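Have a look at this one before I ask anything.
Read from first to last, the chains carry the letters A, B and C; within each, the first residue is number 1.
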Amino acid sequence: MLGECLENVRKLVPLVHNITNYVTVNDVANVLLACGGSPIMSDEPEDVEDITTICGGLNINIGTLNLSSIKGMFLAGKRANELDHKVLLDPVGAGASALRTNTAIRLLDEIKFTAIRGNISEIRTLAFGSGTTRGVDADVADSVTEDILDQAVSFVKSFAKETGSIIAVTGAIDLVSDDVRCYVIRNGRKEMGRITGTGCQLSGMMTAFLVANPDDLLKGAAASVCTMGLAGEIGWDNMRPEDGNSTYRNRIIDAIYNMDKEILDKGARYEVR
Amino acid sequence: MLGECLENVRKLVPLVHNITNYVTVNDVANVLLACGGSPIMSDEPEDVEDITTICGGLNINIGTLNLSSIKGMFLAGKRANELDHKVLLDPVGAGASALRTNTAIRLLDEIKFTAIRGNISEIRTLAFGSGTTRGVDADVADSVTEDILDQAVSFVKSFAKETGSIIAVTGAIDLVSDDVRCYVIRNGRKEMGRITGTGCQLSGMMTAFLVANPDDLLKGAAASVCTMGLAGEIGWDNMRPEDGNSTYRNRIIDAIYNMDKEILDKGARYEVR
Amino acid sequence: MLGECLENVRKLVPLVHNITNYVTVNDVANVLLACGGSPIMSDEPEDVEDITTICGGLNINIGTLNLSSIKGMFLAGKRANELDHKVLLDPVGAGASALRTNTAIRLLDEIKFTAIRGNISEIRTLAFGSGTTRGVDADVADSVTEDILDQAVSFVKSFAKETGSIIAVTGAIDLVSDDVRCYVIRNGRKEMGRITGTGCQLSGMMTAFLVANPDDLLKGAAASVCTMGLAGEIGWDNMRPEDGNSTYRNRIIDAIYNMDKEILDKGARYEVR
């Protein structure tokens, strides 16, 4: 059951180094604290190697990248690799600009990622060097639906094989896969797309789950996705008529804070293919 | 009626590129999502031209500007002009420092803005190269009140004529003007001044309204100002005794999320001079 | 009584220049507004001297420092010293990286700080150039508890004497000291540690209290610590079962917004040693 993966985060309190965008960084920090981890942020090249050394995991998110923080990403990623830390890539906006696409692909070339999490459009860009990106949301035409599920599962498995990373594609249906098994997850609500940064938040949280679940990384990653999606469902149930996306953001993080093994085990909706 | 301008945003889902300060950026993103737009943030000079190309509008906000992001503002602004995108300037803190004043004035010289939104002190700085700024709030002595309304309306009309931009001066009374017509708007509450960033949020939202209402830009801009002010009123009505400015922030964004044509048409309080 | 220190902030509305990290900056701004101050943020070296000149206080927080913002810290700090402004240092993560430790120590060498606020681990790093930092939270083994209180009081007094600054060490028990008197404060709740940035928020607020209480700086600093801790208690009392750390963040800021002289005088729990 996935609930024990959350318990492991609560027990270990993994310290996660985040090089992440300034849009959603506060929510990333609060989600890490909500799930039981501990966040630290640093992107200055002269600072990141020391910071990542004292952490258990590194979350690299390329939203609002700049030339200095890109240097920081490479330095931190290489150091984290040397120390055998868990490292996650969130290729925000890959496909939307040459700098983002090229940076994501170079990161993939030079750093070994434990996991890569993005929407289908971003992950396709990494896999095929093409695709279109509509802002940071998945291209609707390319979303993972029941109709194309088999094809999508086979794509993520093969990209996981190619990269040696866990691939997490999140959207209406979430896929979390290594080259053998793929968790198909049906938690979450479409209204989560009206809040900025639920993807970034998940990337931070997933890094904590990877650190705390070294014996079954795929299960740990899937547990983080179910935690976020289920929190989206619980948070929505707690909404009042006058509430909107700003309060929903708070309610989702609150639901993660209050989640425990039992709630997650009962609410997680997934199959393994 | 202004309500249809909001409906147009919901229908078009305009993608807005924001080069904005890191203080209020998360709220800007959530307000854009609340009103029906879609936000993307990027300030790195090597990234901004690609990003602005895929958008419909560009929101340039000079709060927490730095030498790199200033370069980004010029590059993005010029590209957006070439593509005939809607471009908005929020001259946060113009008058408070030489760098801010000079950057705002240079932007005005080199880039064609569809609209400029600021408090009276900032707009006066752009117009006269002088004025004082108290933080990012309007100088109280220079606020737009009923007493000096005629004079203020005539000032914004003449600055709109000079710049060829829609001028939006927000404060106790909001003025949104081109060189002919001026919307005088009396929505909003003074308590909105106790939240950081309602001005920045409005600038992001106004950009989305401009993109979605190309046939009557002035009306679109005025509709965004009424939306923000009315949300401030509705949000305040939803406050409980223990609530303060942090919850008020959420309630305002929530009210935008829940606003529709009917609510806006009924609640908008304005006259055209 | 400490309540009058809060009243002084409300009366003066001190403008505070913040060079602070991008993780918690929005909350810092909203807390400053909640307590009655007015925030402005700027870290660009070419901007900071002008900005700090129009303010009454400067809050330097080294979380997410970068080479450019470090330059800004020194320029702003020196200008603020020339103008005899109140200047506060929050050495976030000192001890966690060489850059942070060295920057904090260099700042201490070159700038005269009215107050220094951090957790025990960060303050120990400044005092002894050593110590360990777990993220930005105090090392549990080194926390200030009743058992080691005498020793801790004597440490902060002697570090206050050495630096000529007010030293504020916050944690389970808070100490606010000059070289003669030490406020031992027992407000607050442990759950505040599950929100990112309550320390950063306090640093911003403390700067406003210093500006507004020039005749008794130590009392002003202590009043800000009691305000934050008491807000943590009041905010918690307003929590509902489904609420978590994200809503708690809002409730704390709300409680500061609604606090007045009477509430603070009644709720402040401290002794002077």
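The criterion applied here is as follows: a residue touches a chain if its C-beta (ideal position, glycine included) is under 8 Å from a C-beta of that chain, and two chains touch if they have at least 3 such contacts.
Bear in mind the structure is a predicted one, so any value in this text is a computation, not a measurement.
Colleague: Rounded to the nearest 5 degrees, what angle rotates chain A onto chain C on CA?
Modeller: The C-alpha superposition of chain A onto chain C needs 120 degrees.
Colleague: Can we say the copies chain A and chain B touch using the same residue numbers, with more than half in common, or are the two sides different?
Modeller: Mostly different residues form this interface, as fewer than half of the numbers used are common to both chains.
Colleague: As a quick test, compute the distance in whole Å between the mean CA positions of chain A and chain B.
Modeller: 33
Colleague: List, in ascending order, every residue of chain C touching at least 2 other chains.
Modeller: In chain C, residues 22, 26, 249-250 touch at least two other chains, as defined above.
Colleague: For a test of understanding, state which residues of chain B touch chain A in their complex under the given definition.
Modeller: 15, 22, 25-26, 29-30, 33-34, 38-44, 46-47, 50-51, 54, 68, 234, 238, 249-258
Colleague: So in the complex, the part of chain B that touches chain C is made up of which residues?
Modeller: 21-24, 26-27, 63-67, 93, 96-100, 133-137, 194-197, 242-247, 249-250
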